[in-house]
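Heads up: the structure comes next, in structure tokens.
Read from first to last, the chains carry the letters A, B, C, D, E and F; within each, the first residue is number 1.
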Amino acid sequence: MKIVCFGEIMMRLNPEGYQRFVQAERFEATYAGGEANVAVSLANYGLDASFVTKLPSNPLGESARNAVRHFGVDTKDIVWGGPRLGLYFVEKGASQRASKVVYDRAGSSIACAKRTDFDWAKILKGAKWFHFTGITPALGGELPEICLDALKYCKAHRITVSCDLNYRGKLWTKAEAGRCMAKLVPFVDVLIANEADAADVFGIVGEGSDVENGTLDKKGYVSVAEQLVKRFGCKKVAITLRTSLSAFDNLWAGMLYDAKSAKAFFSTEYKVHIVDRVGGGDSFGGGLVYALATKRGDQASIDFAVAASCLKHSIEHDFNLVTVSEVETLAAGNGTGRVQR
Amino acid sequence: MKIVCFGEIMMRLNPEGYQRFVQAERFEATYAGGEANVAVSLANYGLDASFVTKLPSNPLGESARNAVRHFGVDTKDIVWGGPRLGLYFVEKGASQRASKVVYDRAGSSIACAKRTDFDWAKILKGAKWFHFTGITPALGGELPEICLDALKYCKAHRITVSCDLNYRGKLWTKAEAGRCMAKLVPFVDVLIANEADAADVFGIVGEGSDVENGTLDKKGYVSVAEQLVKRFGCKKVAITLRTSLSAFDNLWAGMLYDAKSAKAFFSTEYKVHIVDRVGGGDSFGGGLVYALATKRGDQASIDFAVAASCLKHSIEHDFNLVTVSEVETLAAGNGTGRVQR
Amino acid sequence: MKIVCFGEIMMRLNPEGYQRFVQAERFEATYAGGEANVAVSLANYGLDASFVTKLPSNPLGESARNAVRHFGVDTKDIVWGGPRLGLYFVEKGASQRASKVVYDRAGSSIACAKRTDFDWAKILKGAKWFHFTGITPALGGELPEICLDALKYCKAHRITVSCDLNYRGKLWTKAEAGRCMAKLVPFVDVLIANEADAADVFGIVGEGSDVENGTLDKKGYVSVAEQLVKRFGCKKVAITLRTSLSAFDNLWAGMLYDAKSAKAFFSTEYKVHIVDRVGGGDSFGGGLVYALATKRGDQASIDFAVAASCLKHSIEHDFNLVTVSEVETLAAGNGTGRVQR
Amino acid sequence: MKIVCFGEIMMRLNPEGYQRFVQAERFEATYAGGEANVAVSLANYGLDASFVTKLPSNPLGESARNAVRHFGVDTKDIVWGGPRLGLYFVEKGASQRASKVVYDRAGSSIACAKRTDFDWAKILKGAKWFHFTGITPALGGELPEICLDALKYCKAHRITVSCDLNYRGKLWTKAEAGRCMAKLVPFVDVLIANEADAADVFGIVGEGSDVENGTLDKKGYVSVAEQLVKRFGCKKVAITLRTSLSAFDNLWAGMLYDAKSAKAFFSTEYKVHIVDRVGGGDSFGGGLVYALATKRGDQASIDFAVAASCLKHSIEHDFNLVTVSEVETLAAGNGTGRVQR
Amino acid sequence: MKIVCFGEIMMRLNPEGYQRFVQAERFEATYAGGEANVAVSLANYGLDASFVTKLPSNPLGESARNAVRHFGVDTKDIVWGGPRLGLYFVEKGASQRASKVVYDRAGSSIACAKRTDFDWAKILKGAKWFHFTGITPALGGELPEICLDALKYCKAHRITVSCDLNYRGKLWTKAEAGRCMAKLVPFVDVLIANEADAADVFGIVGEGSDVENGTLDKKGYVSVAEQLVKRFGCKKVAITLRTSLSAFDNLWAGMLYDAKSAKAFFSTEYKVHIVDRVGGGDSFGGGLVYALATKRGDQASIDFAVAASCLKHSIEHDFNLVTVSEVETLAAGNGTGRVQR
Amino acid sequence: MKIVCFGEIMMRLNPEGYQRFVQAERFEATYAGGEANVAVSLANYGLDASFVTKLPSNPLGESARNAVRHFGVDTKDIVWGGPRLGLYFVEKGASQRASKVVYDRAGSSIACAKRTDFDWAKILKGAKWFHFTGITPALGGELPEICLDALKYCKAHRITVSCDLNYRGKLWTKAEAGRCMAKLVPFVDVLIANEADAADVFGIVGEGSDVENGTLDKKGYVSVAEQLVKRFGCKKVAITLRTSLSAFDNLWAGMLYDAKSAKAFFSTEYKVHIVDRVGGGDSFGGGLVYALATKRGDQASIDFAVAASCLKHSIEHDFNLVTVSEVETLAAGNGTGRVQR
């Protein structure tokens, strides 16, 4: 099944281990981005994932392309040209010290892309699913229109659309995000958000949820999902539930709300000891899209998505390099980490 | 005191840190094997340990020899020749993601060895103790007979024999293991097993033990030891008790059962936060053989063995590079990890 | 244009820098093989290259697949299964000390492959060119027949065939090679060999050529090509001419003989200061196939092939990661290495 | 505000990761010392910190100077000459295995320094604060006198003096330390000690404190501070309270006792999961001197100092590379480690 | 003696060793720029060098500042703010393969700086020498005016000005460069250029010089210098003479022309086997400014500058970390590289 | 055949690659020393080599012991105790930049050793050959007497003695060296020196030799050997002939003079492109002792010694890790560096 993911891919530069930026003599260079991460998850699970973006015609852009092609993502619809590859720097936190991300993505090739760069009829031909995140329109320029172009094509051709709200305060204000996303989300079938996104973008809050204290109030999450469904007509809303105990230890769970049945499905809550937290949300998206696209049912889908992203926290860099069977093993309750010989 | 260890030594290749195999651009290369690990522990504790195997006459075989010689193991009785050095690949687990071992040991020089390769009278001359594991006969070919040759010589010359059952499902079936080991274990004085080995190889289960749930039922372990003693006439049976909470956190303890007194001795249970778990069982064997060979008494011996292997979990790669005094300090109750200046 | 390359891909393990095997604490892990190297060159030059082999269904096999997919090679016709991935260890030479290769490829999945594993009609559908080397049949088992199956299909469907003789004394004797290759080479359109291959495999020597002394006798090379053409009916014969001054410094040139015109075309001779010599011959093959397949003419083709492989000697690991334009720049005479800003 | 720190700076050599000394093929080389670490903290917080020592005129001495200059410490009053740079080797502990420090500092340039090397009038010109630790006089030779010279100048010029007792049993006996420090501490305004220092150096113990068991008896600590104040006339006494659960997990807190008000101020207790514990005490000193020097009040000062040193445990090597705002965020209660984008 | 250098400092990212960009999993991160490199040379030689630029207020900007402060450069006049730190990626060439630089410097903080950011009266107070390169005005925006502001202040206060023409075709056209530099060079006392700069910027060519062929025609260089002196009134003109034999081997020499005496002084020509070529020209500038500023005489100055930059080619990264005595030893004729114990 | 080598072994710390000391963030740690290097060569060639020294009882001393034991050297006669392990820092030169060694060996355990530490009768029991260098007595303290003790035992028991003069100006003056060595060399059978040693230690110069210019005057070397033989009664004198063209390129040859036949034997001269030059002289000593001890004849012995040390220059760190067959291949004229598959 062909699934198209659209967005930015950047070079990720992080110091080795727990070094701070001011200590770094060397950076590990990988390539990642919200939608690229989902595309790699999907290809990895065996689906026919295509990643679409615009990249500069230089060895850095080529390396970004190679990085997703490496894991089987189709890259033939990538558009070439424009000024530069976006970058971001990641400093891994530890104990009470938080991880830090410094973005250097302004003026990237995809941020400067034009509507005419993307021939959606050709790109989406044969696709069953389209995935993007709120980061893509947040890049500005013509990207809100480009996203709209794609979404309209999807609507017209019955291609399922998923979107991770992914609010980024460094890219736009809450007001801007709200105005723009309000035009796009009506086209979205499966909407994904973390605890804060719905509030930041649409001012939607559930009763009883308290992000700062990290308390999980199931009723509050259901209420958020209901409001999103009501306002935008989404078919499903998924919410990730992270409780950050320290940079090393997080609780991690998720909820999937199904509009048709008006039912909410909650996953197990995992306590993860973190290897690399960046990309955690995207791995949830990847797991969820896979599970829903392969018709696993609501409870099984949220279980798969949360188990998948639980495992992601044990993996270096953004991509979630796990197999379907590894996810299923954990979802079935085996998280003992016993050596497999 | 001369102690001879016999078995395979392989090249161990593991990606750096917590990388998965599919991310690895580089492997750390060390050399290890169940009996080689024990030999290094013993040499390290100050005994005159000799390691016997067959290695290919090439720089990889030489490197394997050098690796144990480095730590003072006598390597002059290694036999040279045969097709190749066995390899195994280790991917370190993290949090809910399990460690993974991929073996590539088929057709190794030791697996292809002949009975005539080993002159046991010469190799065991002056030895007081002989150690092997269930992996060695599991390699097949003439190895069951070669082991038997050695064991008969030991019997005839009052050399104490220790054996770690170490069932490996990738090498032989439970039925094959049971048939073969039933011929060898009668020669064994000190038998070592983990929670599952006795059941896998001999179908011996204790009442009340539940490996999957990780509950420790002391009575069950004693019952397993009693049955092993009864069936094979071993003098002592030691059992390691691992509770895998995650790939990072394990509980670790052990029991030593003495046939003569019909008494079971249990160690403290440690909670270890794991650096490298591979070789953990072997470090228990090394500690136990050392403690028994130096006549430390049953309770002291199981305490030493478990403290030794507790420390191993904090050390990279298979070899347990700790001193007698470090083990004794922990066995005496000091595990605070306070800096030693 | 679709070009299919068939052969083994192995994991290549080399110590870092100029370390000897007995010093190595770490190996760089890449994946390479004679035909895989050519496939990467071709994909890199922009052709539609497909690589066909058999790989074990484990993370090591998957990593080998990913390594060529990374550079755009089509891997969808790879067959999965069998016992193991072949390996080879490379120790980089320096000054008077020669590079050393230790192969550990016996029993690999491709060496154990069956004729029924490969559906050539499907694999070669739409292909214009088929490339293999003498290493593939040398792996033994059913591989000579498998190659023959492919070659017959090519003959029947007018697919051009290129073959690099690549005699490997560790894999078979000269007599075995001669018998086997005599059956395959009649199907070959473009035959590639180094100074020694024709003599080793077919006993064909040119007058005046003296490999040990490294003297280049143009007439001798032409004579070898003429004999190969005469005996097997090849359309073109290419010979690489390496003069090894030391492990660091080599002279490098090549000749292309065209049967139709009975003309020999010699390239410039380059003096290369070597970064990594392994894969040098394959990069010549990759350059030659590209140039001939894109109809560059004989002189331009040998110039392109030799310039391409000259550049390969400056690149770490087996793959020749250069662009068409970089090769053309060197072939046009610019080898000053002046910084490009 | 100019603050002068005086003491030794050494090259710190530690194996990578959790390797033991006997496994190390490579050492990370940084430069550190009790007072240098404090100077870096202060420069980092924005004060005008100067570090004074004596270093050999060779590239190793220059590298030590560069290391603190890197972070903005003024190094122009360093004295050049003498035989060698002191070294220390650090092996990072893990779980039950303790960290280990091997000192190789005998005969260093600073240990061999002469009173005439230091022109305190010039060095301390314009300074408001002088900091040293008990390690400096412990180095022997003329250092006790050199310290006394500096302290007398401070007294005469109303420069505040802080001193971290820092007893090192490898450098001198308790009796020697007691005799020497009894002459210096009367000049000290702010005295810093850990749980054991006051007992080791002056035989001062609080009632109810039990270092080995790690129990914190607040009353005991207050009693120690009161006795120190009484005996030496210090204005403030700060005590760090470490409970070592394992090499990975420590509890960490502190107390500041103010002589004038006769009040004790206790910080929050943090549970830290350790990245690098060496330099933890110095980072407390750095935080405390900064907070007191910038007049933050007693409770705020101990809170700042403990939060600063809590963060230090998450940072590789001795220097505490955190900003004032990061410390304040933690002191204000946010230790969730949530990613900062 | 205070010397002020003004320009951009960037993060330099290069793959390790001879890896190509498309192979890089890791980048070495250092910080460099034409004028920063000169400042480090000068501080290193013992002069009081100050580096002035504008840097973003984030850990990347701070790291750039730290990098020059590390080597003793005064950084207190750096201006903080603006959008980002410029970056450049360097791929090291080898043999016939050229080194490659990919710039990503658009929109950097210095490129966006305003005239009001720099208070030249304060920055240049007490300075004897001001150094910049043609890259600084090429960054555009207000930089040509900012440079002019500084130059006018220098003129008015008898501060010697040196400028390295350093034409960069990626930053501006030859016409733009010519127009802009024609306004700035009249303020320059010591003008530095490589073989091509004078032609690119001012269309000035010497007779008989042929850059492509790398032939050195002394008369041609003298003619270029005479024309520059005549047109702009410079007191001295220095020209570097590089013959690129390959990416590994270069010939390297220089000429200094003195306007007053109308004499040209040529250095020895060195054959360098290159470790890192980037920064080679700047190390010439650093050596020349040092030698002239310390009044070494024309022949001695060009000898010092060329020997300094000859040594730079043996040093990793841009900074030329050599001592005055090392340069003098080479300039005096000792380039045998015999071990110094 | 048992050969005993006596001297210091130190930790060698060198920055990676061509980094200068002031750039190093990391040091490679190996262990080496003049006599230890020879012992490793001999063990490596298959002789029964024993290395004797005094090492501190700490993990650094143990690591030094392990390093030679790794390659098969007998370490059981090492004496344990004393203050510290000697260290030396090596900065690798490149092109015109010389390599640099910073010693930090004062006060090492061996330098502080006592005559009573070494029971020569036990150590030399069964030995056929004793090797030391002029560095050992140069360490001072009781070492000249300890050496004399050993030499007298050798004389009395017909153990052949070889000595490498190895003058080190950092350890003693020429006058001190001359006085001391004049007492020891009369016991030496095989004396080894480089071009400068005989002049530095004994004031013996050959006519026509000019070390600075690197010209080789065969007659001059013979004259030096004759004088040494005449003055001290040595049976053989070997001289290494190094011409340093740059830090990368050296010419390397040697001469062996036989007193009995009064004949001089010269080797081929090799041009080496250097990987690591440190230990080059020791590898000559190791080759020569091996060749003479195995009775290869004078010409064959000097050929073996020079070929062995030629290869050493291509190997990282001090130890010469080559096989007898590799040396013989080169000595027989094959230095083409052609890949060995």
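Note that a contact is a pair of C-beta atoms (placed from the backbone, for glycine too) under 8 Å apart; a residue touches a chain by one contact, two chains touch by 3 or more.
Everything quoted here is computed from the prediction, not taken from an experiment.
Chemist: Supply the minimal count of touching-chain steps required to go from chain B to chain D.
Modeler: 1
Chemist: Tell me which chains count as touching both chain D and chain E.
Modeler: A, F
Chemist: Could you work out which chain's C-alpha centre is the most distant one from the centre of chain A?
Modeler: Computed centres place F farthest from chain A.
Chemist: If I rank A-E and A-C by number of C-beta contact pairs, which comes first?
Modeler: Per the contact counts, A-E leads.
Chemist: Suppose each chain is reduced to the average of its Cα coordinates; what separation in Å results between chain C and chain F?
Modeler: From the centre of chain C to the centre of chain F is 45 Å.
Chemist: Give the residues of chain A touching no fewer than two other chains, as numbers and ranges.
Modeler: 17, 20, 22, 25, 66, 71, 100, in rising order.
Chemist: Which label fits the chain touch graph of this model best, line, ring, star, complete or other?
Modeler: Topology of touching chains reads as other, fitting no named class.
Chemist: What does chain F use to touch chain C in their complex?
Modeler: 17, 71, 270, 272-275, 310-311, 313-317, 321-322, 326, 330, 335-341
Chemist: Which residues of chain A touch chain E in the complex?
Modeler: Going through chain A, the ones touching chain E are 13, 20-22, 24-30, 58-60, 62-63, 66, 83-85, 87, 89, 91, 100, 102, 104, 106-107.
Chemist: Can you list the chain B residues touching chain F in their complex?
Modeler: 66, 69-72
Chemist: How about chain F: which of its residues touch chain E in the complex?
Modeler: 17-20, 22-23, 93-101, 103, 168-170, 214, 244-249, 277-278
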